[in-house]
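Chain IDs A, B, C and D follow the sequence of writing; residue 1 opens each chain.
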Amino acid sequence: MKKFINDPADVVAQSLAGLAAAHPELRVDTEEQYIVRADAPRAGKVGLVSGGGSGHEPLHGGFVGPGMLDAAVPGEVFTSPVPDQILAATKAVDGGAGVVHVVKNYTGDVMNFQLAAELAADEGISVETVLVDDDVAVEDSTWTAGRRGTGATLLVEKIAGARAEEGGKLAEVAAIGREVNAASGSFAYALTSGTTPAAGRPGFELPADEIEAGVGIHGEPGRRREKLRPAKELVRSALDAILDAKTFTGPVLLLVNGLGGTPLIELYLIYGEASAYLEERGVAIARQLVGNYVTSLDMAGMSLTLCQATDEMIRLWDAPVRTPGLRWGA
Amino acid sequence: MKKFINDPADVVAQSLAGLAAAHPELRVDTEEQYIVRADAPRAGKVGLVSGGGSGHEPLHGGFVGPGMLDAAVPGEVFTSPVPDQILAATKAVDGGAGVVHVVKNYTGDVMNFQLAAELAADEGISVETVLVDDDVAVEDSTWTAGRRGTGATLLVEKIAGARAEEGGKLAEVAAIGREVNAASGSFAYALTSGTTPAAGRPGFELPADEIEAGVGIHGEPGRRREKLRPAKELVRSALDAILDAKTFTGPVLLLVNGLGGTPLIELYLIYGEASAYLEERGVAIARQLVGNYVTSLDMAGMSLTLCQATDEMIRLWDAPVRTPGLRWGA
Amino acid sequence: MDVTLAREWMRAAAGAIAADADLLTRLDAAIGDGDHGVNLNRGFTAVVAALEKTPPETVADVLIKAGTTLMSRVGGASGPIYGSALRAAGKALPPAAEVQPADLVAALHAGLEAVRKLGGAAPGDKTMVDAYGPAADAFEQAVAGGADLAGAAGAAARAAAAGAEATVPLQARKGRASYLGERSIGHQDPGATSTALIFQALADVS
Amino acid sequence: MDVTLAREWMRAAAGAIAADADLLTRLDAAIGDGDHGVNLNRGFTAVVAALEKTPPETVADVLIKAGTTLMSRVGGASGPIYGSALRAAGKALPPAAEVQPADLVAALHAGLEAVRKLGGAAPGDKTMVDAYGPAADAFEQAVAGGADLAGAAGAAARAAAAGAEATVPLQARKGRASYLGERSIGHQDPGATSTALIFQALADVS
């Protein structure tokens, strides 16, 4: 394993220390391990907290700031944060108007956030949870833990964040977040697996001409192994999977997301193919974003996310945001 | 080779097409192969054009927009653009106040931009060239082609871009660009080589415990091969090399740059080590930037760039910028 | 079981997990995200430290402190699950320095109930329930048959190990492995495997 | 050399470069950035197409058109260098459908001069100059000794190949390979290698 680290056990803590040094506009509690806006808590504002395992940067820590998250709670690499940590962040952002937890649908994340929400309730903080489960590669049945939360997390955090910033009430912020999630679908391909610092070897090994279809963002193998095909075909298959699973008539938000090790030159090529195919399918694109946003360490891979956008969502998407990882209008 | 492409020969053209689709605020000439601000040429404004081989994204195409470049000219992957292309972009941005070429110091880039500048002069356009040669890993002697242009290119483009945006004259824009370059030094480490679509295999192969020290951004081997060491030590060695080569007393601009395949979690860890060591060495940090900005395809690696910043440079660094790859205040 | 034995159990469990952390991580890499060994190792190391710092005076408190520590140090799915199992087990015990095998039967079932309540996994879903359930039953039966702690713990350990192995042919329906669908078949569940290690640790110290 | 032979030369050069593109790229990967074969292949393919589209009527125009095409299609260091070499060579020729070996001597030297003016490389710097220089000299000497085109081209091709091989022990002082310092020693220069292919193509068609 080759990484720019000192000791696998200290990666998350030391990276957080670096984030704190690089972004004086944020406040990082290195003890309890969470990141908050420097001006938190803001009286009367609904707090937005998200988190999950580390290794998905800039998600979530890179999305803390005006117009998006009030706090992020990073766990160890690919490991959900613990309830104490989530509780501490929840208390740090509670301005009396309640707190929304944005939780990606993984057993560990769900349980730890649930325990934290119970602890917060004990302390008199109202918590609403928005569960993100956009990954259509996973069947949504009683035979699975349900769909995973992937690319749509960014959309939920941006749009709910804008709603909270403009003074939305707890129920409103949670409602728009849930609406975005319900309107979204994602599908991902991996060319290589990422390597966690602790494991020191790739999560899976792929032959030179094979890829994993339907992967999540934790280095887990996907739904099936396939032969590598031209980008055009992969993009079409991914979009077909999304368009089959949910109804999209447009206008949509389209996120072309790299999983960490994919160069921008490829992501833009993918965007070109995706926009051409959506046009062919009669789906208009209202807004788009291309980049490495919801990553899986150094995995070479990409995910596509569509969100059937209402005017309200587009208005909130366009609202100013000022975070290390996403910034416009500010 | 596993990449999200259709055909190695078409990667640059198809990626440009995708960039055009994703960024309607830019204009892309897919025929002549250049990217310009949609409002170019702007009468009376000095035009800023940069370019070079593709594979370094977001450099340069991702830095086109208000406050930074007026146009970017991407060559094939790792191959300098051709004079016709550079000329076409130069003409597209010429608003009568002259055009500045920001050129990274590589034999091919220098020659092709020089030929283009001569052709532009023939058409009555005044061109000033700012050569970027910040990479202290290369000895600056008659025994080499001189130092390479690497991370400082972003600083030159941002700061000269801001100067042009606020109405700086041709000589002034070129002067501040040269000043930034002269005040900058960079050093890079690679953990793996990138793979060009055309070659289909990594530029070099490294054993599991070895790294290349002093690499550029074209997959070329570095100055020497070393054993992998903890990030703390690598950061110190890189900063020592920069601090030995040029004088830095602070305040500095510090760029922690990923070469494409390095996760943000590692880049922030590196930033933490770098800022701690600079403090130890008595060098204050005025501004900082962490991310994958000047890349070498999917190379796992990082570069550090220091720029001894004047107040004027800091003012121009802070000025609004609105490009796909760098954005604030707008 | 007295309070010393309870602490020895936790120490032995920590030792077994440290020794097999790599195996657990590899099992988790195959059908999950490759952190189970690291997660539990971090957690049980903290448990041993916590029990040493302020040694509890009842068996119940050993288990509650261990559970609370796991819950606040492990994260992931296994943190809350093992955490609530141990906490529920502890809470089901009488507040005494020594408890009887029959008390432990009730505690083990209370822990199992907490796991199923929190995670919703049924037997056969390819989770730690598939090791824990048979172990709790075997323990109960052994005690009913007159076995002492050592005998009951040995029976539980054997049942847990068999249960863990029996997860191999199953298709996962809970946790990360369920995302794999049929591809989860043919791999042993990491959580069931760590559960077997913890019951084996009990047998070893009893 | 008549205009047909000049075009055949370019076609043969294009064929040789296409055939050895992979070798050139591999040599460039070792001490450069791994694009030399791809670059020249793209350029010479365009040269062949350009010459077919509107066939020039003089040898000079064949070389000028080839040079202009390379300059506007190759990029990198080798595009401007080969481009100006061919353009300068063409401009040094009389505007005729057929030229004499002595004319070609002057043209080759004019091309070499353009390369050295543009790139500033001296013999021994481990660049294409190390193949081109000896080839131009050998061509001149052969012509002076009374050789016909075939004889002179053969001598030039041999000298270019030897010159390219002789770059192996050199340390690069120009181009990308110079960044490597001593690590450039032991590898053959890709540009010198492609120059040898181009002279061999001339010998093959003469």
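Criterion: contacts are C-beta pairs under 8 Å (C-beta built on N, C-alpha and C of every residue); 3 or more make two chains touch, one makes a residue touch a chain.
As the structure is a computational prediction, the values presented were derived from the model and not from experiment.
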item: For subunit C, the least number of touch steps when starting out from subunit B; value: 2
item: Chain whose Cα centroid lies at the greatest distance from that of subunit A; value: D
item: Where subunit A and subunit D are represented by their mean Cα positions, the distance between them in whole Å; value: 54
item: Centroid spacing, where centroids are CA-atom means, of subunit C and subunit D in whole angstrom; value: 74
item: Chain centre separation (subunit B, subunit D; CA means) in Å; value: 32
item: Between subunit B and subunit A, distance of the C-alpha-averaged centres to the nearest whole Å; value: 29
item: Contacts with two or more other chains, residues of subunit B listed in rising order; value: 77
item: Of all residues in subunit C, the ones touching two or more other chains; value: none
item: Touch-based graph of the chains, sorted into line, ring, star, complete or other; value: line
item: All touching chain pairs, where touch follows the definition stated at the start; value: A-B, A-C, B-D
item: Residue ranges of subunit A touching subunit B (in the complex, touch as defined); value: 1-7, 11-12, 14-22, 54-55, 57-58, 62, 77, 189, 191-192, 194, 206, 208-209, 211, 228, 230-232, 234, 256, 260-273, 275-276, 288, 290, 292, 295, 297-298, 300, 302, 324, 327-330
item: Subunit A-touching residues of subunit C, taken from the complex the two chains share; value: 25, 29-35, 38-39, 42, 71-81, 118-119, 171, 173-176, 178-181, 183
item: Touch list for subunit B against partner subunit D, complex; value: 53, 75-84, 106-108, 111-112, 115, 137-139, 142-145, 148, 196, 198-199, 201, 203-204, 216, 218-221, 223-224
